[in-house]
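Pasting in a structure now, in structure tokens, and then I'll have a few things to ask.
Just so it is clear, A, B, C and D label the chains in written order, and each chain counts residues from 1 on its own.
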Amino acid sequence: MDITWLLFLLPIASAAIGWLLLNKQHTLAAYLSTASVIATFVISVSMLLAGKDTQASFNWASVGDFHVKIGFMADQMARGMMIVVTGVGMLVHVFSLPYMKKDAAKARYFACLSLFMFSMTGIVLSDNFLMTFMFWELVGLSSYLLIGHWYQKESAADAAKKAFLTNRIGDFGFMIGILMIWGIAGSVSFAGIADWASHVGTLTPLMTATLGAATLCIFCGAIGKSAQMPLHVWLPDAMEGPTPVSALIHAATMVAAGIFMMVRFFTCFETGEAHGAPEADHAAVSLIPSFAWTTIAVIGIVTSLAAAFMATQQDDIKKILAYSTLSQLGYMVMAVGLQGSEASMFHLYTHAWFKALLFLGSGAVIYACHHEQNIWKMGGLLKKMPITAITFLIATLALAGFPMTAGFFSKEQILHVANHQGGMLFFIPTVLVAILTTFYMFRLVFVVFFGKNRSENAEHAHEVGPLMFIPLIALTVMAVIAGYEGIAGQMAPLFHHEKVNFGSIEFLSSIGAFIVGLVLAFVFYFNKDEDKLSGNVLSKVFANKFYIDEFYAKLVRVFQDAVAAVVHFFDEILIGGILVGGLSRSAAGFGALFRRLHSGNLQGYATLFGAGALLIIYLTVFVF
Amino acid sequence: MLLALVFIPIAAAIAIWAGSPARLTAIVAGIINLVLGLIAASSWLTNPEIGSVTYSVLSKPDIALSFSLYDGMSVVMLLLSVIVLAAAVFSGQCPAGREKLWYSNTLLIAAGAIGAFLSDDLFFFYAFHELALIPTFILIGTLGRRNRKAAAWKITIYLAFGSMVLLAGLLWLVSATEVSSLSFDTLLAASIPGEAQKGIAALLLIGFGTLISLFPFHSWAAPAYASAPAPVAMLHAGVLKKFGLYGLIRLFPLVSEGMQHWLIVLIVLLLGNIIWVGFVTLNQKRLDTMLGNSSVMHMGYVFLAIAALIAAGGEGNSLAIPAAVTLMFAHGVSIALLFALADKVEKQTGTLELQELGGLASKAPTLAFFFGLAGMASIGLPGLANFSGEILVFLSGFANYDPAKGFGPVQIATIIALWGVVISAVYMLRAFRQTFQGPEASSVKSAKNLSLLELAPIGLLTLALLAVGLYPNLILQLLK
Amino acid sequence: MPTLFFYFFAILAISGAVALVVFRNPVSSALSMVASFVGFAGLFIGLNAYFIGVIQILVYAGAIMVLFIFIIMLLDLKKEESKKFPITTVIGALLIPGLFMLQLVGIFGNFDDKKHQALDLPASAEHYQEEAPKIAATLSGANGEAPSLPDVNLIGQKLFTEFNFPFQVMGILLLVATIGVVVLSKRSPSTSASDQ
Amino acid sequence: MATLHEYLFVSGLLFAIGLAGVIARRNIIVIFMCLEMMLSAANLTLVAFSRFNTAETGLPDYDGQMLVFFIITVAAAEVAVGLAIIVALYRARQTVNVNDLTSLRG
């Protein structure tokens, strides 16, 4: 028995025990869950240090020669990802202990967190698409449960439902993609697909098109899970969940699963030892037609840009972070689409740390301000809670790509990919997003931490306890050092070192974007009590997220519900009433007709009986 | 042993009429049956002949009351029947004074279903199903809810129609095979000329289809299940309805060529089940009708597996039958669980109108947990039995896919059918959201959590869902 | 001469039947039915079915009709309908039996008629030589009398061998009928209470 | 001597008259008597066939007469039960007129 199985067993056991303890031993459940995640982190680290690929599986469902397997494949990418998942997970668990202390349903919360850890582990370590899909769905479930943690609130319950359903739409495509890949490659395991890809030679045009369609279908899954346009609407709403959950699931890990899965898929098409050799990749990767690649990249950059615009006009601290997550995920997707898997995974890895830090920091702020989330009702918190403020600031710098932070290195690689493989069409929006990122993040920092206290809650805020700021500090350390080669080379899921060229256009634009964004934010928001930019048409459009939610609501109402109503109507009338109901109707009609004959009159019966006998005689003797 | 499985419920029903304490007798019979069923299923792997009995009834044509576990499908269906039976007799809340009628008829339904699944003689296969239908009609008509009369009439007319068409099909089938014995062994060894196959296949599809609520013969199902007492809904939707699928798969080898003619028709109809009825389900305003319609909708997936089987033709599709049977089992357990839980919801709140419900989870967290679990099962969440079935069904749809030729009708159907997964998630989550989440509605103010006693049958069904969901090979090893 | 008897009894039976239908008074109907049954008995005897002819008189005319008359007396039935038969009923009553007769005649046209043939009694005696010598003796006239048809013996022989089982069943049927009649005609306490 | 057809004609005629009585009369006892008439007519048919289709022994086919014997026995039982029912009916309804007995109306 491989020790890796413990990565699965510990969280699921803790989740199960947590469920059983529901309503009773809240605190025990919480500690148990935290202990299990610490244990998995230790195992992950030991796996990373051991540094060798392990693999094992068992047949989960077998029909004849066909087997669906559950197994793990702990290669470099999976091991690195496990560090991110269990690392952030561990810190979030610790942070949650005080954060959720007073919650009545603490046991449920921690059980769900453990369930999430289990499912996420499954995705990361999975060695085939079906297993990925299963855990993919389970991740969706735990996300649903955690968003709906405060299910008594209408908005939380609705947000949870929305998240699950939106993901379902993505999974619809994902499943089709898996089936098509299975049909084409004859295997659902990543190794099997890689084997097929390296031996198949050239494809017929039909098969190329099918493969492209399959790729896009699989990408649908990623669109759902990583909240890309047009299925991004659930992520901001998901902020209804407890803030530590947002940090873990909706910033660092689960939403990154889409990227992770796409990279997993594409690495199947890289033959042999092609890791880190982009030129060599090209031949095998070209099995997948370019329209698929382009679509992915375009969706990525569009999401990134739109989300960045939306973020500039949000007032809820968590919503701003949510849109920023969207925007950064868009970056990663674009990088994947531009065949820069390494850059994408690298950004995923650094982003996980500082975005988790931002969310936990915002959690600390919200906690300190008595669950106030509107940034305009905060202000001046730098003095009140210095540790939180400083860690938050560092994370902001990392997100904005300030040199020497982790974000700087990864953003550098993204820009590089955009410039070299995408051309100006991708590079300019990428830089624009970088400017906007700095702008809205510093808007947030200036409004929340500087200026004067704008509400009573903010006045009474004070620094959070050690169980909360220790995770913040740990994450801050990671947010700074994670990008350096020595560390990233060890830990990052897929690392391809690229020396930063200080004279290159990427570097210059990155620095430029940072400065422009910072200056703009400073001019508009430093020491201001209200949003000077709000009120015009454009900002309204941004604040209302381009009205996409409203559009979807209309769409759902018109298409789903109206169609449902019409179909229901026809079902009653046409099928229940005429088509098949006619059968029963005619039976009833005949019944009414024959009822007339049942006069209860004996003589009538006798007459009919006689007539019947005559008829039978006539038919049997004279006709047949 | 198999004889006992069929006749213990009948004997218990008679004993109840004769005056033994109704609920106790029924529960004891249910538990004995459950234990016997589990023993029979587990020993079947080593000894396929276990418990086979044959009593000749007629010599020409050769009809025999003959029970055996004919193949893995019978074993799985037997398991499903005994599990749901045990849960159904346990979980029902009988109106005071009607215990005799309630429990004896419940037992008879189960006896009929078990008898049909165990019979390896066409005559008794059909007859036992009819035996099970009669108490179904009686219970819906007498002890049902709301407009039970209309629902009882509707189900009676539809199912009688279906049975009649089916009987015609079976008679034609028997006469076309020109064998003198009605046992499956002889029947399945025979062959039918192509022309006759076409007609027989059509009759079987319509006949069995009506019993399974194949679109457009489905409109009996939702009102009947909504009006039926919980045990009847559990047993009919969970077990008895699978009779049609069981029969279709069982007799399929005889008419495999004839089915080819109807492949496209069947695909259109099954998509009607999934998409059309899916939309109908979306529009339901009551929990019970929603569950009834959802059960109709899920039948479409099983038909999808059958369509894949038909389309495979001579090549064969080794995935299709295990997929269908797994899904039948999973759907049976999950829908029974849902009906049992909906009954509890009604008991606690007095209503099933989604508008009047809300926030039940804070009053009855255990109920909410199990309902959520069952709902998640029915929308195909991994780790629960339905997913194992659905994923195999979808895989079977693509099993014979030739990338060089592009999509065939079955592949296209599979892709469209996948949208049903989204639809079912929408209505199930909507219902769960309306019933259990949000602020407390006035109807749930006095609701209480599930008691331990009520938990027993629900736990049993949940266990079955989880066992097959976590390790589907439990079922699949029977279906080799 | 036998032909004459046939017509006589046939006309007796038919006219009795017509009178049964036509008479308003149930007692007259019953009596005309007795007459009709006498006609039936004659026809049976003309067909060499002496035993049947006799029990037709004994059972039908003797027992059953007496039962009928008893009931009519018991219920004290007056003349039935004072009103005339409704015209529709009369049409039905004439049309359907009329058509029936028409069909019967039609059927006659399809099948060849059979002439009456005298029985060759001595010739058939040999069939019974083995198992029933007494019947054979009567048939062949070996017992000194003229050969005659031992109708009752033959029926008895069939009844107690080939049809023994139905015969037993018939006994049970009669028993059940007897019990049934007793149960039916007993006034149940509740109804008798409401009667008074 | 009379032929088979003549016997059959007479029996058919008697049957027809019985049927006409059943259709036309309203007194349930008379209807019952007419039914008996029809039964007897059937008996006549059976006996006639029995006489005209001789068995291999050359004697009348006594199977037919056995049937008649049984019919008469059953008829006796039937009359007994039927009359008992009529009496019970009369007690309940105070009538034997079938026009008043319409509880079978659908």
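To be clear about the criterion, a contact is a pair of C-beta atoms (placed from the backbone, for glycine too) under 8 Å apart; a residue touches a chain by one contact, two chains touch by 3 or more.
Remember, predicted model here, so these are calculated numbers, not experimental data.
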Comparison of C-D and A-B (more C-beta pairs in contact): C-D
Whole-Å gap between the CA centroids of subunit A and subunit B: 36
Whole-Å gap between the CA centroids of subunit B and subunit D: 53
Geometric centre distance via CA averages, subunit D-subunit C, whole Å: 8
Gap in Å, rounded to a whole number, between the CA centres of subunit C and subunit B: 59
For subunit A, residues that touch 2 or more chains besides their own: 603, 607, 610
Contacts with two or more other chains, residues of subunit C listed in rising order: 89, 92, 96-97, 100
Numbers and ranges of subunit B residues touching at least 2 other chains: none
Pairs of chains in contact (touch as defined earlier), listed by label: A-B, A-C, A-D, C-D
Parts of subunit D lying in touch with subunit C, wherever the complex brings them together: 1-10, 12-21, 23-27, 29-30, 32-34, 36-37, 40, 43-44, 47-48, 50-52, 54, 56-60, 62-63, 65-66, 68-70, 72-81, 83-88, 90-92, 96-97
Contacting residues of subunit C [partner subunit A, same complex]: 89, 92, 96-97, 99-100, 103, 106-107, 110
Residues of subunit A touching subunit C in the complex: 603, 607, 610-611, 613-614, 617-618, 621-622
Complex contact set, residues of subunit D against subunit A: 19, 22-26, 28, 31, 98-99, 101-106
For the subunit B and subunit A complex, residues of the former touching the latter: 153-154, 157-158, 161, 215-219, 276-277, 279-280, 282-284, 318-319, 322-323, 359, 361-362, 365, 369, 376, 380-383, 387-388, 391-392, 394-395, 397-399, 401-404, 406, 411, 414-415, 418-419, 421-422, 425-426, 429-430, 433, 436-440, 471-473, 476, 479-480
